[in-house]
Amino acid sequence: MRHVIFGESHGSAIGVTLEGVPAGLELDLEEMQRQLARRAGGHSALSTARKEADRVEVLSGVFDGKTTGTPLCLVIRNSDQHSGDYESIRYTPRPSHGDYAGFIKSRGCIDYRGGGHFSGRLTAPLVAAGTVARQLLRQRGVTVSAHISSIYGIRDASPQSAAELLSVADKDFPVLDDERGREMQQAILDARKEGDSVGGAVECLVDGLPAGLGAPDFGCNVEGVFSQHLFAVPGVKAVEFGAGVAFALMRGSEANDPFVVEDGQVRTETNNAGGVNGGITNGMPVTFEVTLRPTPSIALPQRTVDLRTGEETEIEIRGRHDPCIVHRAVPVIEAAAALAAWELLGQ
Amino acid sequence: MRHVIFGESHGSAIGVTLEGVPAGLELDLEEMQRQLARRAGGHSALSTARKEADRVEVLSGVFDGKTTGTPLCLVIRNSDQHSGDYESIRYTPRPSHGDYAGFIKSRGCIDYRGGGHFSGRLTAPLVAAGTVARQLLRQRGVTVSAHISSIYGIRDASPQSAAELLSVADKDFPVLDDERGREMQQAILDARKEGDSVGGAVECLVDGLPAGLGAPDFGCNVEGVFSQHLFAVPGVKAVEFGAGVAFALMRGSEANDPFVVEDGQVRTETNNAGGVNGGITNGMPVTFEVTLRPTPSIALPQRTVDLRTGEETEIEIRGRHDPCIVHRAVPVIEAAAALAAWELLGQ
Amino acid sequence: MRHVIFGESHGSAIGVTLEGVPAGLELDLEEMQRQLARRAGGHSALSTARKEADRVEVLSGVFDGKTTGTPLCLVIRNSDQHSGDYESIRYTPRPSHGDYAGFIKSRGCIDYRGGGHFSGRLTAPLVAAGTVARQLLRQRGVTVSAHISSIYGIRDASPQSAAELLSVADKDFPVLDDERGREMQQAILDARKEGDSVGGAVECLVDGLPAGLGAPDFGCNVEGVFSQHLFAVPGVKAVEFGAGVAFALMRGSEANDPFVVEDGQVRTETNNAGGVNGGITNGMPVTFEVTLRPTPSIALPQRTVDLRTGEETEIEIRGRHDPCIVHRAVPVIEAAAALAAWELLGQ
Amino acid sequence: MRHVIFGESHGSAIGVTLEGVPAGLELDLEEMQRQLARRAGGHSALSTARKEADRVEVLSGVFDGKTTGTPLCLVIRNSDQHSGDYESIRYTPRPSHGDYAGFIKSRGCIDYRGGGHFSGRLTAPLVAAGTVARQLLRQRGVTVSAHISSIYGIRDASPQSAAELLSVADKDFPVLDDERGREMQQAILDARKEGDSVGGAVECLVDGLPAGLGAPDFGCNVEGVFSQHLFAVPGVKAVEFGAGVAFALMRGSEANDPFVVEDGQVRTETNNAGGVNGGITNGMPVTFEVTLRPTPSIALPQRTVDLRTGEETEIEIRGRHDPCIVHRAVPVIEAAAALAAWELLGQ
């Protein structure tokens, strides 16, 4: 299965084309809308002013409710754009946004309105595509679940099982420990009050993948396949599998996961490896954590350069912006993980 | 340019096939051997008992000392194998090695001797391929350099410039601060004494890439391309760009990199983003840190499962093994980064 | 540049997603509509009853009239469907259509209405994608032109130059020799009168490609790249480069193209090789001919199998159908050739 | 499975790297040598003076006689080179060889000796790779067989079944009708006497592919996949499926293949479509014919250009050359077809 995400934040539509979807899947569009609602984060007091219905239109690839094996094109119309707001950033790129890099890449032909193709809005079609992958995975007994693992240094509890982690999916603010969740929300509101934003991390668990998927080789190895999908999510700057960066503090005797037998199955007692040995799944849950940078859109004045004159100047970004995207990123990370897991199953 | 690494630790040879090498490159085979010598780590007291000449034979793609644009096949013969040593692990997989995952994937047909295709020995052809990429990059003014950033919690100094980092390449133990380097070596020797191993991290800097490479999209974005190459290096379990996992502790006002003008060029004052905004290079050095797990080969008894009987048992790995691979991983990470950087330049 | 064509003949829309379109191209949508009109063949008395406006909507990737370097999604709404007509073919596949093969592949989940994703209607988005490639090629001095070379054994004249061939593009019935064109049309009308259809061939010339594109290797060679694009056009069953099948009747001394100097340039005196030696362009026009099978939709009773009962039966296809698609295939072959030529330029 | 062929005619070795070979195949190296012997055509009086042992060395990917699922590298050493012979062609390209196109592509860095990477010698590793595919196909009940269908206008009989066609594999000169074979050989000898060469065609049949492989879409369709493999064989200039170019002379009522029931299976009464409808296999044998141009190496003086002076000159190619490669191409076409068939089965 291969996906191409298209669209711009203030263009007529955003969407995704999906090749290689197997025929015969009963596409659950209601679940797709539910996942999109999680991403929109509409119920939360923490979210952006922009409200979109995000109705998915299926242009192709589905007949009588089932996929036909031909490419799917899923389209979401843009409705609530205020393009006028963005004229000010056309030649004064916002720090740590894609504005400048995109301006250079496109030789000035970038659609700068609202971040254009770089906008977080483009995670909506990613979630739509991921929902298709999740439905395919479910038929194979594979689930994908995630939670906010930390925001601005406040850490959630660690999940004890895939089932526990699946239970946070219905929450507006998907954490295991709601008390910690309230602290995180307070940190977000504090930042917003000061016109600032905060970063955080999402932990994800893919349960049910059989042992033997992937390869040690470039292009096939499990960590490589997942990371390529995960880094395509805007704002992701680090990806760690299993014990992750903590491996640098460990000895082999602590880090190694002894093989044991459970219910007649080979398992590992611990799962520091995050379910992957030598680039191949070992039958344990694949676990990873991704770090998301603080939203670069802040309400404080920032230094930048006027690309017309080549001189330094200041920019102040107008309009309301999310001071944190980590909670809304949870279904997006799940979607990216689902696409990666399906790619591995199909190799 | 596309590479395929082949070979097994105790087969007749290892090597790499490289497609898409541009014609006309004067291949510097001496540099290739120097990079292989760095990887072999032969001078250090810390390294493995196995000594190989690692002479590269160029089977194809080079004529009169220059590349011809046709595929290169680079072969390194294996000579110093003691295959008999490995019979004991055939059906009792070593914890946190690829033995078990590979056994399942290959339905028992794995070449288990010395880790086979999963062996760290396979990083030699990766270094050879990376040397070709480095030589191509140099013609475009791009350099790749790295150092040991930490071992078992002991951190090296931070590089102030690409030039400073390039200077560690000649060191047996590539750190900026040799005092810290000695502490790290002591930590390694301590671990060895106890039959154990230690993990660590490597920081890498790619200097000279122009702004505008990559794309926000899956399959093209800079972090995704680098990470796919980096996770293909055995033992890598985390990849962080710029400030990396520290972003989770930051506010946007700290994390954002203001645009400034230096010598008439648009630059950023800080480089928390690691040279990448919106999946595209912004003209600053691309910086990242990778975490390497402790060598899973330790001399202590470990629990495992006998795959013939399905019962738990114990394994004790014989022979000498490196208690740390982080220092030898430095040229390997550079090689993987060079391949990624060249891929981005060619997109 | 990579394209994915989506849609079904009687679904809500058809279209194409295009990745890798360079930024800064002023997209000429009028030319796109003109090419679509050529494909629709609306003016001719020979064409199908179905009339569609075929208006292209650009959902993404274009801003202020120029491409932005992000994926384009081009959509054409379906309007004139009579889906009820097709219920009869659901389980009785039409001979030599994709009905049966598609039924098996999709495990019965095929959208059978009007051929679904197999319909010749899907050549409309191919023409749209090809127009983008043509506009890019034009900036590099490359033109693509084609004519009907034969229908039911009646052969058109041979083009003496690229310029001559370009002149047929404005004709309803694109042949060089209009007298032969009238004979071909009579052959088509004769076939229609008898409820039958006829096959033919299209000859195409790509002018202006520099020498040195392609490679002898699988996946890169010029003939391979073109043929993969050409065989993706419905109805194409043979592709010949240069002298094509006539090479089997020739001696080397006749077939070889001597090198000569013209205006200081290396050229070949003849062009039997069709502009390709050793899988690489030699600077001469790339020429090829494709054979299109007779439309499988005929108004005569045909034998088939009822897939529900597994028993032989008869089918009679209702509705009006084109007795020949060769003339309408001319812009489609050009589009496929333009996509191939652009792929080679970008390698 | 993906293959990369490397090597030059007069370099140290030629070979192929194969990724994605499934683990557990008992590799039959004797069959591989038999297929290479067919390609070498050593027994025939018609073949080139160059005699090579063509012993395949398996560098990787096989353990205890079985594939391990890791990349295979197969190497054939070159031994019988007379490189001095080729200095004369360095700057005076042979007409209709890849010399000139390769010179331009490589900016003069081509290995010109004996055609270098463009040499027909590179079909040896293709045959080796194809043998692996054939062995995999055989486990799935798929066979690939071919014969010389014509040389210089003399046509062989048409095969009545896959079994009949398989029987020609043991012949030095693989035709069904040996009388016609003798006429063909006479035509070759006549051409040789005059220092000339002749072209011809090979017909191939892939039997046992299930219905439902492939897709109408670019990159997946059956004809496209086969043709990309076939055009990578040096000298192939046309590929026709089923009735091929004859479709241009036919009416739909002649061309269509009625569906019938045979032994409870859906089949077609005729197989004009060559086993493919709508880009998907229909369960009938996939049949195609490829045309091979006459060997461009002829012993007659030919016009060319001196690339140093830019002036026209003459060239006379020294040494003995095959006046026809069609008979030796039979196992090569089979190998390319086997790789294509395996690719389709694995999609």
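Brief remarks on what is shown
As written, the chains take the letters A, B, C and D, and residue 1 is the first residue of each chain.
Here is the rule we go by: contacts are C-beta pairs under 8 Å (C-beta built on N, C-alpha and C of every residue); 3 or more make two chains touch, one makes a residue touch a chain.
Only a predicted model underlies this, so the values are computations on that prediction, with no experimental measurement involved.
The chains touching chain A as well as chain D are B, C. Using the mean of the Cα atoms as each chain's centre, the chain most removed from chain B is C. In this assembly, the C-alpha centroid of chain A lies 27 Å from the C-alpha centroid of chain B. One finds 47 Å separating the Cα centroids of chain B and chain C.
Centre to centre, using the average C-alpha position, chain B and chain D are separated by 40 Å. The set of chain D residues that touch two or more partner chains comprises 4-5, 19, 69-71, 105, 117, 215, 217. If you check the complex, the residues on chain D that touch chain C are 3-5, 93, 95-102, 104-105, 117-118, 122, 150-153, 191, 196-201, 211-219, 221, 223-225, 227-229, 231-232, 234, 236-245, 247-261, 264, 266, 268-269, 272-274, 276-283, 291-298, 300, 302-305, 307, 310-312, 323. Interface residues of chain B, counted against chain D in their complex, comprise 4-8, 11-15, 17, 19, 23-24, 57-61, 63-64, 66-73, 75, 105-111, 116-117. In the complex of the two chains, the chain B residues touching chain C come out as 19, 69-71, 215, 217.
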